[in-house]
């Protein structure tokens, strides 16, 4: 079987993975409406190609927060890569480095940040944070990422409560028993503390807490999961360096629009005459 | 089998119930267009979540006609609960009381109003009325509900003729032979009169009759089944305390819009700049 | 099997009829797009019911070209009823008389106009004409209908060439060998002339020919098949008494809009504030 | 089996052809979205027929670049007709001549231009060019077509890189080993040079190169594959004689709109009051 498109890789993965792992990766929240809408929204994009340009040489390089990448593409943060590949996030990091794009490493990586950095020392990486209710733990985690050379702090804002994923309930999925969440603790803590609970974002976190994050790190701060223009405006007012418009792959709150639609509505507002 | 969402409960019920009961509960009028549209319209709702608000404690309490409920949710009036559960509406009443929400009891409850009240004496309840052609019977029924502590009178307006439910015709469904319609008679009438015909709303009832209802009860009056802004305006002019925008679950007149669509069109009119 | 809706009758007919007859009745032209769109357009109609009106007595009577009918419903002209029922159009005429609605009899009726009139002498009937290239034959046919008491002349305008019905080609359908087209000849001609060719409307017929029709009959003239406002305006200018907006059941030119859509677009133009 | 519509011929062809040939002809690029959209867009066209016009004689003749054709229909350029019929493009040429329409012959015809001309010497033909990176080869090819009596030069602009056709990758389709690309070489070159690589359009070709084409031929130049009004305006400014709005059957860049939609949007701009 030749693997020539994403659908091929998807079918291949479904064959090889056990049901609970496949469901965890593939499933959306609740009715998976937003997950499906993400794909449908992409299909609604209409390209308007211009021809008779000299394209014998093309250059897709750009910069992101001041760093050069080979194309405007990043690997979004996702957890637990060891579920599907022995090397886990170390392989992901190597691939990103080889492609010269940015890899946003998840708080719930199944490899330690140290191992990920060692695997691909020249790669550009950002660190995605699920802010923990324990402020000290959060601070140590951010500063450890910063000292390891991660170039930005991506704070996920759309998980005040975990998404309601029915398939994980049906499968009795318990990621804690399958995986050691290594990265919430420094290497020396790893064997001295009991297993950590996988915790959601601190549900009390609010806009005013951003100044605390700005006080503990020099890294640019990116908010991930913004879905409204009102929140985008608040992000500007709170001096963050960027936002990631995302519905978490449709895995958090079902019923939100596809990110693509949000962006094109904004475009409509800015360029009404081009419609 | 774990029951983690409504679809699970629905499949479970279909397995356990006999065909004619299932069809009676699940089926819409005619082509079931409006029934299906009700569900489709919900899927078209797009949530616009705001993040970085402190949600460590949330409070969904509100009031309805002056009474506190734990969340803006009521149990809509539906008849014949004994078809699917031995305790019938007594169980429904207990559940509503436990959840601290309002239970709107149907004229066609299969338990007496007295038994329903006894089952959950502290629950908030409204009484849904199918106005009978016999005015005296209607008056006795309303006043009996009022004296039993029901807090509002919900008059259904969208059944001038019964909905055309093909499946019930095909199944030869005859609810009269299956169920004693206890609530149209007071407990003492129960064994002294022959079985009642299940009758539709009085088809001659019109806006001017509302003053008669207002003269026989102190309860706030809510009109259920309003589907046009013209009728909503008439409701205001006739001094009713509320309306319920509903297409009767798509079980009455097929071809009407989903209630959700009606409300969002109204929102559009009121907040045109937010679109 | 209980027959409680049109879909039931349709399934029943498909069971009983031979394939070529079923296909002839059920099929549309070309891709049957317009046929299917006719049904889909009906489903898109949203009713806006008003409630709390006294509907204990309702009266749907109205008049059409000055004649009273019990409801604003007519039986559209369709040919060859003997294909599906022994009595053919005589039964149709009896049903229309019993229901007190108007029956528009087709030029391609499989019973003679005389037999149809005898079967239901008190019924209201209009005569639908496929204008024949032979003017004399056309004139005799119109005047014969008029003298038999038909109350209006419905001239079909949307068959300058026969619709392209693939199923009839595949089935080698030949209506001429199956049916004696009795009505194109007067009773005395019936046995003296050879079988007639089933001919389409005269393709040279145009707006200016309407005055000729107006000169040979006192009947009101209705044009059937008008699909554009431009042609509707021309119809007014040529002093016809009415038009029937119809796409011929999607059996003539595939790709035209459903009649319902045409009408509602017109309504939009006339009542823009009601949308 | 009677072949009465395109769908019949399509099913018939799928039966007779080997899978890789069928896939090559039938498949679109990537997800085949644009290919499917081409068909869907045609179904969205609504005809607005006008009736009561004299259509006893109709004349669909028109001219294209000054030449008369029997109807405004051309055969679009497609390659490798020998894959599906022994005579290949010679049969196509005969059919076009018999129908008196224009046949646009592809650079990748599987018959030589000379054989095609011989097969139907009186037919109107245009030559479609994939400009080769080798300018001399390109010039010889254009001038050979001109001297053979082709009446216009259709330069394809939408293949700066070959379309990504997954099925061809899966089928290991190699057209070079199946077919001698005869037309890129003059007859005398045919046996003296090794097989040619099938090459895409020169990716460096741009608007300024059009003057070079205009210098090597007297033929009118038509650009095929224009998809934006910006490029259409540039075409006018560069003095080409025409454009063909086409998305290459959805076989090049997936995600572009159907050509029909592009045209109707333009119509909307030009005739806004007719909507």
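Going in written order, the chains are labelled A, B, C and D, and every chain counts its residues from 1.
As a working rule, contacts are C-beta pairs under 8 Å (C-beta built on N, C-alpha and C of every residue); 3 or more make two chains touch, one makes a residue touch a chain.
Remember, predicted model here, so these are calculated numbers, not experimental data.
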| item | value |
| --- | --- |
| Those chains which touch subunit D and also touch subunit B | A, C |
| Copy pair subunit B, subunit C: interface residue numbering same or different (half cut) | different |
| Where subunit A and subunit C are represented by their mean Cα positions, the distance between them in whole Å | 63 |
| Geometric centre distance via CA averages, subunit D-subunit C, whole Å | 45 |
| Where subunit B touches two or more other chains at once, by residue number | none |
| Interchain contacts (touch definition) - all pairs | A-B, A-D, B-C, C-D |
| Sites on subunit A touched by subunit D in the complex | 2, 4-5, 43, 45-56 |
| Touching residues (chain side subunit A, partner subunit B) in the complex | 30-31, 33, 157-158, 160-161, 166, 169-170, 202-207, 209-210, 223, 225-228, 230-231, 234, 253, 255-257 |
